[in-house]
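Structure first, commentary second.
Note that the chains are named A, B, C and D in the order they appear, and that numbering of residues resets to 1 at the start of each chain.
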Amino acid sequence: MLYALCFLLFMIGLYCVVVKKNLVKIVIGLAIMEYAVNLFLIMLGYRVGGTAPIIGRGDIQAGVDHVAAHFVNNAVDPLPQALVLTSIVISLGSLALLISICIRIYDKYGTFDITEIRRLRG
Amino acid sequence: MAIFYILLFFMVIAAIIAVETKDLLSSVICVGAIGFGGSLMFLLLCAPDIAITQIVVEVLGLIILIRATISRDHTFITGEREFFGMVVSLAILLVIFLAGIKVFENLPPFGAPIFAKMAEAPSQSYIRNGLTDTGAANIVASVILDYRGYDTLGEATVLFTSILGATIILRTQSRKRWEELET
Amino acid sequence: MSRALPAFVVVPLVAAFLLPVLGSKGKAAATLLANLVTIALLALAVACVGHSGVYEVGTWPSHIGIVLVLDGLTSLMLLAVNVVSAAAMLFSVRYMEQYTAKPKYLSLFLLMVAGMNGVVITGDIFNLFVFLEIASIASYALVGFGCEHEELEASFKYMVLGSVASSLILLGIALVYGNTGALNMAYTAKVIQQTGINAGLAFAMSLFIVGFGLKAALVPFHAWLPDAHPSAPAPISAMLSGVLIKALGIYALSRLVFNVFGVSIPVSWVLIALGVLSMVVGVFLAVGQWDFKRLLAYHSISQMGYVVLGIGLGALILAQGGNPLWASLAILGGLFHLVNHAVFKSLLFLTSGSVEMATGTRQLKQMGGLVERMPYTRTACTIASASIAGVPPFNGFWSKLILVIAAVQAGFFGLAAVTVLVSLVTLLSFLKVQRYVFLGELPEELQDTRESKDSMLIAMLFLAALCLLMSLLILVPSLRVAVLQPAVDVLVEGVNHSIRVANL
Amino acid sequence: MTGMTVIVKTISGWVKVLIFLFGIDIILFGHLTPGGGFAGGVILASSYVLLMLAFGRKFVEANLPLPLASRLDCLGAFLFATVAILGLVFGGAFFTNFLYQRYWPGQALDLVSAGTIPLSNVAIGLKVGASLFLIILTLSSLHRDVGRAEPPGAGKASVARQE
């Protein structure tokens, strides 16, 4: 059910991109879609009653360099976290580029409304 | 468990407000609310790395977004949208949504990820051997900078590319004047 | 040879990091460096032909770390990407003098090349996404390079649709990870082979088709291409139409369909439908255009239809358990048309840039009679037009012929007829280009038009020569076995190929 | 925009130092605690954003000129790629953690451990901080153009094309 709510968030973003006629609204829709995907990835790796995948002093077995069994059995999946870190930075980058294009379009046309901007045919 | 539902409902409602409100500034602020909700969610899902990154990225992203909306002439949306097109696209999106819902029944249930059942899944190996393989106590750091460091190079490059692209888009003069050109 | 694989990404990346530091004073040095990089990459790509292997980044075995894979399809794509990028970079030397901020342009160009090479060589699904984003973001910025009204608007449209595509692809990757617990292509393929396709994977597949379809501008998803490709500077149009939509769209899609998920009948029919739609709609939209570059852009959609049709036909025959020989013939047609299109479409865009720089316009009706003023450009353009229309001695003819034969052999006579018909309409449309640009009367204001010089000319003639020489790829058996056949075999062998290469 | 009142300026001057140190801390301990190069880099950039809000853009630009930030951006990216290439030279494959595997295993949970991971974190932190600083400053330097929409087709080239 949580996954479905997350997917709903994704669809709200997609709806915003498809229907809205304002440049900033479209950017916001894209941002919402990206949040939803990131959240979905992290939720995929969660374990009930899990711990963060960061080893503390208590998780190392004395003498040996091995991690204790309670850490191995409880740590949540670190791989989606790595993926999401990458994807967050990517979305920040594309947000910056999109907003600069929006600002330039505003400077040229004096509006954010896509229906007033359309000069290209087809 | 209930806290996840509450937070997700909060995020969904904030998203609906962000999409539907006429005032761009409050729309942007609602996006901030989604982002902070997501950050809390990450923290509760045992992903402190992501929570920190999300919250700082959120702050900068908000500054960039507000920068785009504030001090523009009209931040209110006035245009009418055509009713028919909206109904059609809503219907299509609803179909996709209903189709998508079915999909999640096939996933492993929330809280019992697939890697826990697979002995040879990469994540098992990261958790078990991450410290001895790379020496980093933060397994996420060992994944992003060692096991999957190549991805991170790509990620840094994406940021580099988009910043370079933004400076290009924002330059004041794009073409040389004719007299410069002839020489 | 697989040891050299990281160089395809690292060399352009490091050069791209260094170029902006040189600033405007070191413009000549920056141009020289960028050209050296693309030419070195081309040499490396040629050296990689016929080799195969796996490179483990960070010495981690394939299921833990990221692997780079060199096989027939990869080396074919590397060849296509680096040939076009070398030519377009050479063309830029002179052409980009009319714009400011050239070092930054060169840097973005190299980033785009690095992104495409990264997409092509990777053996990891998420890594594919990361490099796809590098190439896409570089191309969004390059489309808006002119910073005029149309460029900005096209760039915005392109970027929004591209970002939606990226989000869909990322969601698909998340679903694949949630169902298989891994990201390595070969390992995922093995898991999928064991467990079969469940609803989650099927949904992921449809997300991939829509996402990569958007990146490849197949017809229901083509809205951005006719704006974005003409708005970019000509060398970038050549890169976008020539290789970007192929490396990011077609290559990635067929890699996932054939080598990860395995072919299935519904997916094959979807591919065929997309291919036919793109072919027909693209060409009929192209005929009515009067803007030179816009016309070329619509033809790109149409020609991509041929590629997807060939690949889809092959997938259908394989999925139905038909004769693998006919499947490999169809895929051979598709892939050969892919490389051919890379060469002649980039050449067409370069000639259009040459004409635009000389005359200052892109409208066909304002030109005419340029044959006296620009003989070399005219020759290059004629060769490329003949190629795209499928006139016999040129490369486009052979790939279309193979596609028609494959369609007939598979029993799709209607498809074969449509293929021929679209080819005829293409011919008609390029006769129009010839008529209005190069023949007819030279308008008063274009009297002092001059032929493009040095670097632009070399780039165009290089590609024009390739248009002729590439027929040899199919006509000389030893060349075909060395270059095209390994690529076809990768796709025909399907899921088993990736498992075999990775030694799982 | 010359900035805000004296109180705000004084306090943000101090807070800026604290945020900056916090960012460095996050970067350096990225391999032991949550955080890392990206989060730390963004925090470094946001310390300058605070300064910009309090003192105005000119002041910050005098502190850290845009060309310098652009160079730092390139330098960070280049350093990260260099770490990866050094792995190829000393460790046998691209991105090998050669320091940890070959030369200097270090003690687990120590600040100086984990080989190249802290080095990569520093490079990424530098890169991310510089590039975000750059983008925010570039975006806010466009302030003067606000609301002055150019007439359509103002550029010479587009005029030539439309006619």
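Just so we're on the same page, a contact is a pair of C-beta atoms (placed from the backbone, for glycine too) under 8 Å apart; a residue touches a chain by one contact, two chains touch by 3 or more.
The structure displayed is predicted, hence computed values, not measured ones.
J.: Comparing the two chain pairs, does A-D have more C-beta contacts than B-C, or is it the other way round?
T.: B-C
J.: Comparing centres built from CA atoms, which chain ends up most distant from subunit B?
T.: C
J.: Subunit A to subunit C: how many Å between their CA centres?
T.: Distance between chain centres, rounded to whole Å: 29 Å.
J.: Centroid from C-alpha atoms only, then distance subunit B to subunit D, rounded to Å. What do you get?
T.: Chain centres of subunit B and subunit D, defined by C-alpha means, are spaced 19 Å apart.
J.: For subunit D, what residues touch not just one other chain but two or more?
T.: 32-34, 36, 38, 70, 74, 77, 81, 84, 94-95, 97, 108-109, 128, 132, 135, 138-139, 142, 147, 152, 155, 157
J.: Provide the list of subunit B residues touching at least two other chains, using ranges where the numbers run on.
T.: 48-49, 53, 57, 60, 64, 67-68, 72-73, 100, 104, 107, 113-115, 122-123, 126, 131, 137-138, 140, 144, 146, 148-163, 165-167, 169-170, 174-175
J.: Give me the residues of subunit C that touch two or more other chains.
T.: Expected reply: 13, 17, 20, 57-58, 126, 130, 133, 137, 140-141, 144, 146-150, 152, 155, 178, 183.
J.: Quick one: do these chains touch in a line, a ring, a star, all-to-all (complete), or other?
T.: Looks like everything touches everything, fully connected.
J.: In the complex of these two chains, what residues of subunit D are touching subunit C?
T.: Listed in rising order, the residues are 67, 70-71, 74-75, 77-78, 81, 84-85, 87-88, 91-97, 152-153, 155, 157-158, 160-161, 163.
J.: Taking the touch rule as given, give the residues of subunit C at its contact with subunit B in the complex, in rising order.
T.: 13, 16-17, 20, 57-58, 60, 63-66, 97-101, 104-105, 107-108, 111, 114-115, 118, 126-127, 130-131, 133-134, 137-138, 140-142, 144-148, 152, 155, 175, 178-184, 198-200, 203
J.: Per the contact definition, I'd like the list of subunit A residues that touch subunit B in the complex.
T.: That would be residues 1-9, 11-16, 18-22, 24-25, 27-29, 31-32, 35, 38-39, 42-48, 50-56, 60, 65-67, 71-72, 75-79, 81-86, 88-90, 92-97, 99-104, 106, 110-113, 115 of subunit A.
J.: Give every residue of subunit C touching subunit A within the complex, in rising order.
T.: Those in contact with subunit A are residues 126, 130, 133, 137, 140-141, 144, 147-150, 152-157, 159-160, 163-164, 166-167, 170-171, 173-174, 177-178, 183, 226-227, 285.
J.: What residues on subunit D touch subunit A, complex-wise?
T.: 32-34, 36, 38, 108-109, 128, 132, 135, 138-139, 142, 145, 147-150, 152
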